[in-house]
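Working notes, structure below.
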Amino acid sequence: MMDPATTPLGQMLLEEITPVVMVLSTPSVEDSSLKNGLSFLHLLTPFCSFNNIDVPVRTASDQPYRLHKFKLRLFYASDVRRPDLKVAKERLKQVITEAGEKVFSELASDVPHIDHEHASSEYRNTPSWFQFLNKELVRVASFSDHEAFDHPVACILAVSSNDEGPINRFVDLYNSNKLPSLLNGGAMDPNILKHYLLVHDNQDGPAERASKIFTEMRSTFGTSDCSLLCINSSVDAPIKHQVNPWASHMSDASLSQGLGCFLNTDDINEIKNLMQNLSSKYIIPNMEQKIRELNQQVSATRKGFRNQIKNLWWRKGKEDGADSPNGPMYNYSSIESQIRVLGDYAFMLRDYELALSNYRLISTDYKIDKAWKRYAGVQEMMGLTYFMLDQSRKEAEYCMENAFSTYVKLGSLGQQNATRCGLWWIEMLKARDQYKEAATVYFRICGEDILHSAVMLEQASYCYMLCKPSMLRKYGFHLVLSGEQYKKCNQIKHAIRTYRNALSVLKGSTWSYINDHVHFHIGQWYASLGMYDVAVKHMMEILACSHQSKATQELFLSDFLQTVKKTGRTFEVTKLQLPVINISSIKVIFEDYRTFGSPSAANIREALWNSLEEEMLPSFSTAKSNWLELQSKLIPKKNSQSNVCIAGEAVKVNIEFKNPLQIPIPISGVALICRHSGSTDEARSDENQSNMEKNNEIDHFREMSSDNTSFSVSEVDFSLGGGETTMVQLSVTPSVEGTLSILGVRWKLSGTIIGFHNFESSHPKKNIVKGRRKSNYSPNNMFKFMVIKSIPKLQGSVRHLPGKAYAGDLRQLVLELRNPSDFPVKNLKMKISHPRFLTIGNPEHIKSEFPACLTKKIDSVNNDAQANPGIMSDTVFMFPEDTSIQGENPFLWPLWFRAAFPGDISLCMSIYYEIGDISSVIRYRTLRLHYNVQILPSLDVSFQISPSRMRMQEFLVRLDVVNKTSSESFQVYQLSSVGKHWEISLLQPPDTIFPLQSLMAGQAISCFFTLKNSRLLTSEANEPAMHVRSDLSLVPQSSDNLVFNINNAPLINFHHFESIAKSYTDQGDLNTVDFVLISRSLKSDNNSGLSDPPCVMSHHACHLSTASTGPISWLVDGPRTLQHDFSASFCEINLKMHLYNSSHATAIVRIDTLDSAGSGGVVQSPTSDIQAGWHDVTPTTPTSEPKVTSNAFETQLKKALSLDSVSPYIWSGSSSTNLHLEPMSSVETPLQICVFSPGTYDLSSYVLNWKLSSKGHGGGDETKQQSGKCQGYKYYITVLQSS
Amino acid sequence: MPPVAPRSGDSIFANLEHMNAELFTLTYGAIVRQLITDLEEVDEVNKQLDQMGYNIGVRLIDEFLAKSNISRCVDFKETAEVIAKVGFKMFLGVTASVINWDADGTSCSIVLEDNPLVDFVELPDNCQGLHYCNILSGVVRGALEMVSMKTEVTWVRDMLRGDEVYELNVKLIKQVPEEYPYKDDE
Amino acid sequence: MIVCVAVVGHQNNPLYIQSFTEADDALKLHHIVHCSLDVVDERVNNPKKSGPLLNETFLGLLYPIENFKVYGYLTNTKVKFILVTTDLDVKDADVRNFFRRFHAAYVDAVSNPFHVPGKKITSRTFAERVSTIVKSFGLTSAV
Amino acid sequence: MVREVAESCVDSLLTEMVASYCNRFYANKPELAARRIEAIGYQVGHQLSERYTMERPRFSDHLEAIKFICKDFWTELFKKQIDNLKTNHRGTFVLQDNKFPWLERISIDPSTDKVNSAEDDSFTTAENKAASTISMHLYYPCGIIRGALSNLGITCAVTADISNLPACSFVVRVKA
């Protein structure tokens, strides 16, 4: 460790604990010195501290050593007393305030960044006012009578040469009743070393008189104790001292110029010598002398065992001494005082061992005497002595602690001393790098005086920063504490300063509460100083304080707004935190060649539109039309990346604003900030824009927002409730061509402050409408547009499309198109996403009323299906060439809607059109319409077909209908088979099926039909098949029997798409039948939320296979009952079997007859184990479709009859017959059985093995099997005994 | 021959290789979180979770049948019970109960008081609409499909959304035929 | 009684601070917790001071301030738990027990797949668990 | 009460997770899939380390932490310890598990490939799919280890080495 004397504390002690010299002077002496702007005392002061006085000294134990550094403290007699607290405080206050001003003005505008080097250095040269303050605080405690080092050791009596009767003046200068209380109070020995100084002012004339007086003096007071001092020797013009010795000693350096202007070098040297002599020849030896004497006395009375005992006894004796807080009064003659004096003198002469031993000695005495103040004082000195000796830190600290706490115990009496002791202690700790401890001591010495404690706390905070490792958080905390104190005694500037320093700790941390508090107060205080701009800056930091309580939020916000108001101008700031803008939510919607019929259309994924428009857009078409490359030429390369928008058409931006607070905030004037430049040359304007923004965004923005000649922006006002979030749509409409870039958004917070947000600085997620496809979209491009001159834009909508509908609901809609512009459009095309739901009708349908137009007209030849083949395939629909859309009268076109299947579907349709004039960059546009329709389950229809056993190619059809709705009831109206070769007929009259003509909610019915293959029938010539009844009314004839023509548009179209949806490829299959079930909703009073109940509903079942047992169908033909006399012979019965091959290939069929009836049911048909009785639930997806479980009946029959016993019979003839069956042809083959006894026989015991010769038949689909096996069906024949 | 009586879930669980649930729980959680970040849309996440569950179910069923020597389940009703009582217990160590069957026995609810997937889980506000346990529904669906029952499995109640239990509605769409000859004894 | 508990992340960022006084001294408590971090650092960086409890998660009494006692706990993952209490005589066992249960609660909280490490703990369940633990502080010395 | 589940739950979950990421989401971007899987592991490891280090004094150095991973952490996960730990004392540790449970379970999982190829669009042959599946599976434990260590204040890179199956060694490289 370094030499204690060089430490700050060492310095301080060598300054403060030094001999005091009392100065007594006559007014005339003062006058003459005042000519130099100095009091006499000040005149001498600079020459009282010697850096190398080099005086030989001897310790009490005659150890010789030399004093080098030495200092005298001069005081006028009047000042030798406890200083006045009030005055001292005032002075402190003033100093601090000045410091405040000074430092504050130097404050850097931005928050200081904290790094340790910087920090520590900052502390190393602590603000000088700290030191000054501490010094003052130490001084306040001086001239106490409980310690001796402030006691004057000598006294200078100064008399001027032109005082009359100087000798007497000398005498009565030092008359006891004028002396300070210390001396005549008995606290110290009044007869101290006196020095008689005759001061001669050379301006008063020559020194003869002076010398005369001087000799007289010497005779009276003795030669050694007198000296003569001549000053003001420079008679002529005042002299300037380049190094003015007095300046440093004056409180204010301002008027240090004229100091000592009449003192020439001789004078100065004279003063120097005077003081030098005084100290080296008189004071020091005298002190040394005194030390020796005292030491002898002390050792005589107190050293040695006997004395110790005696002392103890004695002390015990005077136990009853008055117990005042500072113990009994000790006269200077008392041994205790003398020991103390001895100690202090020794200390002042650096004989620390001696000092320490005596302090030790005395402290015990004081302790026993309960003379606490003195005790504390001695402890204090012991601590310091230990320090100066640089031994046993423990001891040193213990003593300081002891002293400090004792002082503190004394309360107000010991307060100043406590402070002084504390400061010394702190210095001691600092000297040993125990900053943390130092800090705690600072904390302890901040008394009830607020200002005082503020300063102490601040110093404490520095200590925390300096300790290793530095405790920055505590540093911050104490800064805040001290800041509060400063604020209390309105030292605002200090408060701000400390808080700002505290910020440096919090910077970048998430301790929001603390951060908010600090920022807020800094803001407030700046505001109170009228520095509103800074205030606003700080307050803005904490606006979005969602974590704070509602009250706090209100406070912050209101204060902020007030401050802003006070600034008197509309503040405009970037990154204003209220409200919060959700960048990722930003979505740019613009229309180039794509236009949207509704906002919802804009939200549909671009990919979906693309797939829809693929065929329509020329850019995708393979045939390259000549104007296509022209288009690509027109758009400059660099712009090919940036978006295109049309003059006069709005570009919309959706932005989400969020209010993080719990209190509502009014937002007004929300608008986009845009820049429009006439030139299409991007690159250059980009440059100047970017650097514009670099240098000052705000102005740039303001300028932007001001100019609105070339475009117009929409303004929105809204108020955000607590925690509310709203999506706002802003729009900008360019009016002239050029390039438009959207820079950001501006808004006004509760009418006072304007916030900006710059889009391009913040990089949003690119969920721009077309962003998904062009993933290489950079945000800048997303906000940059090339404005082209205005072109026509179609508006369109679909009239009376229901939002909700029941499955099967069939409606006529109208597409309405308008073209407000006065340019023509041509080549309209349209494409619809869900042809199953929406098809394009014929214009004449518009006139004809609905549903009548669906019904059969007698004359109409039902081949409309072929009439418009364009509709049949789901490709693009071309509007007729002559369609022109212009002006206000709309263009109408019919559409058909049919709710194909339940669920929520979104219908998209895109209408393509080309712009008349060639010059435009964009040659075509598409209008995109989008609608959501919710479709509820209605009727659930399923069919089961099984071959009838009565007749070839005749089938039994079972129709199951379930009403799935909750409330609606429907009327099943008509069943039709599609195509012309299936005839259906009811088995029972309709009214037996539907007694009450309608199907209630949840009700299920099933009814049976026979189905004839009319083609076959015609081939057989037993019936004239003029007109095939392919339609079947299910309502009693009574009611209006208009028959819906299902072979007519739109029904046939919908049916077509239905069958396509089922992805059946082969149309030509003759064994499949399609049904269409028409039903109507009865106008039921209890309406189920649906605006208008459906009036016609169609349900389609496609490709129901009749060929359940494979392509081969057969029929056993023969008698059912016959009589035979078995007594005569066994009975032979001839039967015929008709076989029909319904496939396109020749079939080889083998009939195996099995005689043993037991082997009845070995064979099974491929699907025999399907449980009959349950059918499919309503499909939710287009693909899954009702599969009809065929030949369920057969199995049921089989089960039913399998019980009854079968008596044997034999097949006569070959047990197996082979037949060839040409495609679509029938043969017949004879069969014969022999029966031996009467009874009923089941002839099902035969098997047909069939095989298709695969040639000829397109073996494309696996659904059709190539070969199979069929169990004979039940055929009962009863043979009776003929009598 | 009569089918061997299915063993109780606990007994299987007892002698099944098992481990403490934390790894399982946390892994699933991490997967869900990752899916959300990758797929962005919650519905998509639900879909994927269900898909994953389905695949797992498809694989898990064999082990299930083997470990709990349950003969083929024909009846949907019975199957549901087994899944709830045995399946959940032996894999997740929790028992589920089957409630509110509908009239024609094609739809019921599997109810769980708790399940290891959701320990520690709290749905953030931006993930409402997420069926956190959707993998379970997938598993059930997948498993059932392997025993030739096509089902529709949907969440009815979810504790993560403040309901008091987890309820999984299982609805039989159709019972597709077995591939191999089907012995029906007359 | 416990006036405040806090979880502080390994970058000394507050993850969870909850005060249990009706008085509005959130700010003060934040300061106290904030400062306590200095002490934690000190304890950890020069273990000679922390002496016997070397590397133990429980750091013991960090420092008394005004009429509060501040206790600390440092997990293996450098997450700090701070406990501020006004009780005069606090049983070490109680504090340890408290921190043990608190730690368990914390672990479950961060096991929420949606919790982002290093972000504030917003879990309701956690808050409830903590408040019960706080309520039962001192009552149940049953370890 | 410590809750328990069947091991097969975890196994099938992992298998499916890997399958989904490799075959469904990032079918043709294996490196992306790998990153995701690793990320999942990372989160789990991060959380587990928090859990499993409860009630234990803080680790004073890296080695201690690594040892913890080898012993307690591994045991919690696999009911066995890492069989062999090597280090070059310059920040690289090799944790070898002679019979890494997950590996043997997933690698002999026949159904994976079947199921994968069911809804798989990338046409890779079964066996090199199996191989890739294994390596994909390993990103998960790697992630776990990395997550656990990073939560213990050790930033590192973890790779797996299956040059000699069924042994599997994880190489931890600590970032200086």
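Here the chain labels run A, B, C and D in written order, and each chain numbers its own residues starting at 1.
Methods note: a contact is a pair of C-beta atoms (placed from the backbone, for glycine too) under 8 Å apart; a residue touches a chain by one contact, two chains touch by 3 or more.
Please read these numbers as outputs of a predicted model, since none were measured by experiment.
S.K.: By mean C-alpha position, what chain is farthest away from chain B?
M.R.: The chain lying farthest from chain B is C.
S.K.: What pair of chains has the most C-beta pairs in contact?
M.R.: B-D
S.K.: Centroid of chain A to centroid of chain D, CA atoms only: how many Å?
M.R.: It comes to 33 Å between the two C-alpha centres.
S.K.: Per the centroid of Cα atoms for each chain, what is the distance between chain A and chain B, given in Å?
M.R.: Distance between chain centres: 37 Å.
S.K.: Calculate how many whole Å lie between the centre of chain B and the centre of chain D, each centre taken as the average of the chain's C-alpha atoms.
M.R.: It comes to 27 Å between the two C-alpha centres.
S.K.: Provide the list of chain B residues touching at least two other chains, using ranges where the numbers run on.
M.R.: 22, 26, 28-30, 33, 119
S.K.: Counting only residues that touch at least two other chains, what does the list for chain D look like?
M.R.: Those would be 43, 47, 51.
S.K.: Spell out the residues on chain D that touch chain B in their complex, using ranges where they run on.
M.R.: Contact set of chain D toward chain B: 2-10, 12-17, 19-20, 24-25, 36, 39-41, 43-44, 47-48, 51, 76-77, 79, 109, 111-112, 115, 119.
S.K.: Using the touch definition from the top, list the residues of chain B that touch chain C in their complex.
M.R.: So the residues of chain B in touch with chain C come to 22, 25-26, 28-30, 32-33, 119-124, 127.
S.K.: What residues of chain C sit close enough to touch chain A in their complex?
M.R.: Interface residues on chain C, with respect to chain A: 12-14, 17, 24, 26-27, 30-31, 34-35, 37-38, 41-42, 45.
S.K.: Taking the complex as given, what residues does chain C use to touch chain B?
M.R.: Its residues touching chain B are 108-109, 111-114, 123-125.
S.K.: Would you tell me which residues of chain A are touching chain C in their complex?
M.R.: Checking each residue of chain A against chain C gives 464, 469, 471-474, 476-477, 480, 509-511, 513-514, 517, 549.
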